[in-house]
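Following are the structures in question.
Two complexes come next, and they have one chain in common, subunit A, joined by subunit B in the first and subunit C in the second.
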Partner chain A sequence: MIWLIAANTFRETIRQRFALLAAIVALALTAASKYFLRLDLGHDQLKFVFDFASGAMNFFGIVIAISASCSILAAESENKTVITLLSKSVNAADFAFGKALGVCMALAIFALAIFAAACASLIISKADMPDGNPAYVNYAGVFAYCFVQWLKLCMCVAMSVAVCSLSRSFLFAVSVSFLCIFCAVLSEALTGMGGSSWAAKITSYALPDFRYLESSRIMAFAPIDFKMLLNMGAYSAVYIVCALALAAWFYSRRDF
Partner chain B sequence: MAVPIEVKNLTKYYGIGKRGMLMKALDGVSFCLNQNEILGLLGANGAGKSTTIKILVGAVKPSIGHALICGQKLSKQLKRKIGYLPESPYFYKFLTGFELVNFYARLSGMKAKDARDATEKALEIVGLADAADRELALYSKGMVQRAGLAQAIVHDPQILILDEPASGLDPAGTADMADIILRLKSRGKSILICSHSSEEVQRLCDRVVILSKGKIAACGKLDELLKKSGQTDMRFETDAADDIARIESAACAIGVKTISKQPAKMPLSEFFRRLVK
Partner chain C sequence: MNMATRVLAVIAALSIAGALSAPFKRISDPAELREIASAPVGGASMLAILGGYKSVIADFIWIRAYCAWEKKDSAECSASIDLACSLDPQMATFWTQGARMIAQDMPHWFLARLPKAERDEASLKLFRRKQALVAIALLDRGLKLNPDNLQMLIAKGQILISVEKFAEAEKVFAKAKTLSDEFYSRRIYASLAAKNGKFDAALKELEKMLSEAEADNPVRAALTDEIQRVNSLKKLSEK
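Presenting the complex of A and B:
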């Protein structure tokens, strides 16, 4: 059941005009990152291209992950298609996991496209560099980094699905999801600022630590650290499963 | 054998925004749908029809009481015995009619090949075989309603729950829908119809449950509920004016009063149906 719902949601996601537009802008920025070099403030040329691609993937990826999940789930409730789905052999867990998986599948395509665009940009930039430049790019490491970023986007999707399970309006779901991501990005800083404040501690435990996943960027210019990759995968998987299990629990208790 | 649907003391409260304020949408509703029967659920807006149906398909949880399907509480497996047509169905517009019905067939637990065959058959039954490859965005409201019925019957369920089946259909479509429902009954299905249209219910249903403000106002066989005590209606058909005069005088002679006399007319829906067929 989960696969059927996921496949249908995947089709729904790739047809979303806003998501498609955001993906195209992100790809265009990544492909053209070489031409933004004049914005560079003293970085290595290749590092700048990579950072630019990574920034585009992060920003637009999060926008797509949240907007697509929230709009698809809000539409299910508003159009009451969820009632027809639940009248079939589908339970709340199938629904929550299927919907999240569908959006994650679309985001995997997005991450792969960004990876291809980033590699192309890096290859072109490297070819333009003077001979004998010792710059080293590990393309497998770039792939590993894109994979970790995709896991991060999947965490955003899971978080949005959990928020949607408690919300009845698209606007509320989107706002709260973005707030959660904002807090997740700043969770470490929040704990630092708040010291032993219980609110800061709860926030840092409840929300994923995106800074931890960011450390995977070193793999683009160094050999792949498989232990680190495995730890990040496990960390993301635990968070995703917990968030979706919570969403399924809320959906199973919700009246449509 | 357990009855297809048994509703016992169903009560549902909804929160209405203000803290702690609850609204009673259903108040101790009990009824059952028997084997191979068409039961009509009638009521004004807000009477509790949709809430009852949503509880039956598992989209709403009852506050008190329960609804049993074939003697058991609703489960993932048991849902395969139910076909549900929502009121004013809205489906994924990017799917074609075939893809939509096939998707719901698969969700009902059918294998890929069986689902494809069943989808073709269901679309044939509802008269959408020619439009099967068209996207739902291009369907008229009536066609979406038919697609909704196709997804409800595609897995050959024992019980059908139809919420306003004729909603959005023209008179010809309404008549076709009624024919399909009667055919399904003749194939042994048990059908619960929720409707505002008393004409539709009168034509199709064996029994009715009338809800008012969340409670059962009346329940029983239509003939028994609609019977006027001590009165009999008679209709005669004749082209000769003399016959009418003779009947009137004969009635007058035995003290029977003629209440109304008017030229026979066919209902507008039947006239429309004859024109468009």
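Presenting the complex of A and C:
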């Protein structure tokens, strides 16, 4: 049943105009990153180009992950189709996991497209460099980075599904989902600045640490650290499962 | 389900997730990430932390620092330098140019703000000393992340010389000369060692440089003069 829901959600996600537009802008920015090199004030060229892929993956990826999952789940609630679904042989866990899986599958395609665009930009930029430049790019490392960022986007999807399980409107779900991401970022920034308030400490402990996953970017210019990759995978999986289990529990007890 | 149950369920789920995921969170080199996280939480830094584009955002913030520099707006300039450095800590130019703006330009801006009667050499010296401390603190942050960066070490050494902290400057150039065979840092090191009374160390470095310099290198004459000068200083100190 999960696969059926996931396949249906995947189709719905790739048909969404906003998600498609955001993905196209992200891809265009990544592909055009070499053009933006003229804005550069002296960075390592390849790192500057890679930064565009990283930005597209993170910024547009998070926007797509939250907007797509919220709009799909909010539509189910607003159109009352969720009542029909949950009253049949579909249980709440199948519904929550299936919906999240569908959006994550669409995001995997987005991540692969960004990876391809990033590799193309890096290859072109490297070819334009003078001979003898010792610049090194690990394309498998770029893939590993994209994979970790995709896991991060899956965490965002899981968080949005959990928020949607509590909300009745699209606007509320989107706002609270973005707020959760901002809280995670803010708490990390506060603890990074030496913030010692209990609120900052608890928030940084409980909410996912996106900075941790961001450290995978070093693999793009160095050999892949498989232990690090496994740790990151396990770290993301824990949050994804917990958030989706919470969403399933809320859906199972919700009065529509 | 009431609101209290919902809130408790969310807190419980997040706490479980935090506890279960903690063993997997092993940051190998968190220094740079901590530097990025410590950036002031403004719109740009939020976008940078959240969504990459750090290099290009840091560039724009650096341009803002230059605009503030042109207007001699010290507060805006310092804040922009700090933010650009935090967003892109690998960019040595931000640290070195920023430190030079703080240490060498800002004292003159502060002096110009004083009433005409108070604008004297003593006030300028005071501002220079104060700003040098700020600039060195900035460079130390950069050096913590890039400990073997020659540009940053040279900038730090030059700022220390400008405020006559020759002993500290000597230590900085002693490290700089180990990172590069170029004569620049080695000559300054020798000159500082001589200034601090370490004539033998200065002579050793100068003679080594002289032996390495090619026969047609114009720097040979300057090195010979410097050796003579240090030798005469050494003789004077022995008397």
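As a working rule, the second predicted complex is superposed on the first by the 251 of 256 C-alpha atoms of A that agree within 3 Å, B and C clash if a C-alpha of one lies under 4 Å from a C-alpha of the other, contacts with A are read in each partner's own complex, and residues count from 1 in each chain.
Here is the rule we use: a residue touches a chain if its C-beta (ideal position, glycine included) is under 8 Å from a C-beta of that chain, and two chains touch if they have at least 3 such contacts.
Owing to the predicted nature of the structure, the values given are computational and were not obtained by experimental measurement.
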| query | When the two structures are laid over each other on chain A, which of subunit B and subunit C touches more residues of subunit A? | reply | C
| request: Check the residue A:R253 against both partner chains and state whether it touches subunit B (first), subunit C (second), both, or neither. | output: both
| message | If we overlay the two complexes on their shared chain A, which of subunit B and subunit C does A:N8 touch? Say first, second, both or neither. | response | first
| message | Taking the superposition on A as described, I'd like to know which of subunit B and subunit C A:D209 touches: first, second, both or neither. | response | second
| message | Quick check on the superposed pair: does A:T84 touch subunit B, subunit C, both, or neither? Answer first, second, both or neither. | response | first
| request: Could you tell me if A:F182 is touching subunit B, subunit C, both of them or neither one (first, second, both, neither)? | output: second
| task | Have a look at where A:D225 lands relative to subunit B and subunit C in the superposition and call it first, second, both or neither. | result | second
| request: Look at A:M57 in the shared chain and tell me whether it touches subunit B only, subunit C only, both, or neither; answer first, second, both or neither. | output: second
| field | subunit C-contacting residues of subunit A that also contact subunit B | value | 253
| Footprint of subunit C on subunit A - complex, ascending | 36, 39-44, 47-48, 51-60, 62, 162, 166, 181-182, 185-186, 188-189, 191-194, 205-212, 214-215, 218, 225, 228, 231-232, 234-235, 238-239, 242-243, 245-246, 249-250, 253-254
| task | Spell out the part of subunit B that touches subunit A in their complex, as residue ranges. | result | 14, 54, 57-61, 76-77, 79-80, 82, 84, 86, 89-92, 94-95, 103-104, 106-109, 148, 151, 161
| task | Note which residues of subunit A are touching subunit B in the complex, please. | result | 1, 4-5, 8, 11-12, 15, 79-91, 253, 255-256
| query | So in the complex, which bits of subunit C are touching subunit A? | reply | 1, 6, 9-11, 13-18, 20-22, 24-30, 33-34, 36-39, 41, 45-47, 49-56, 59, 62-63, 88, 90-91, 93
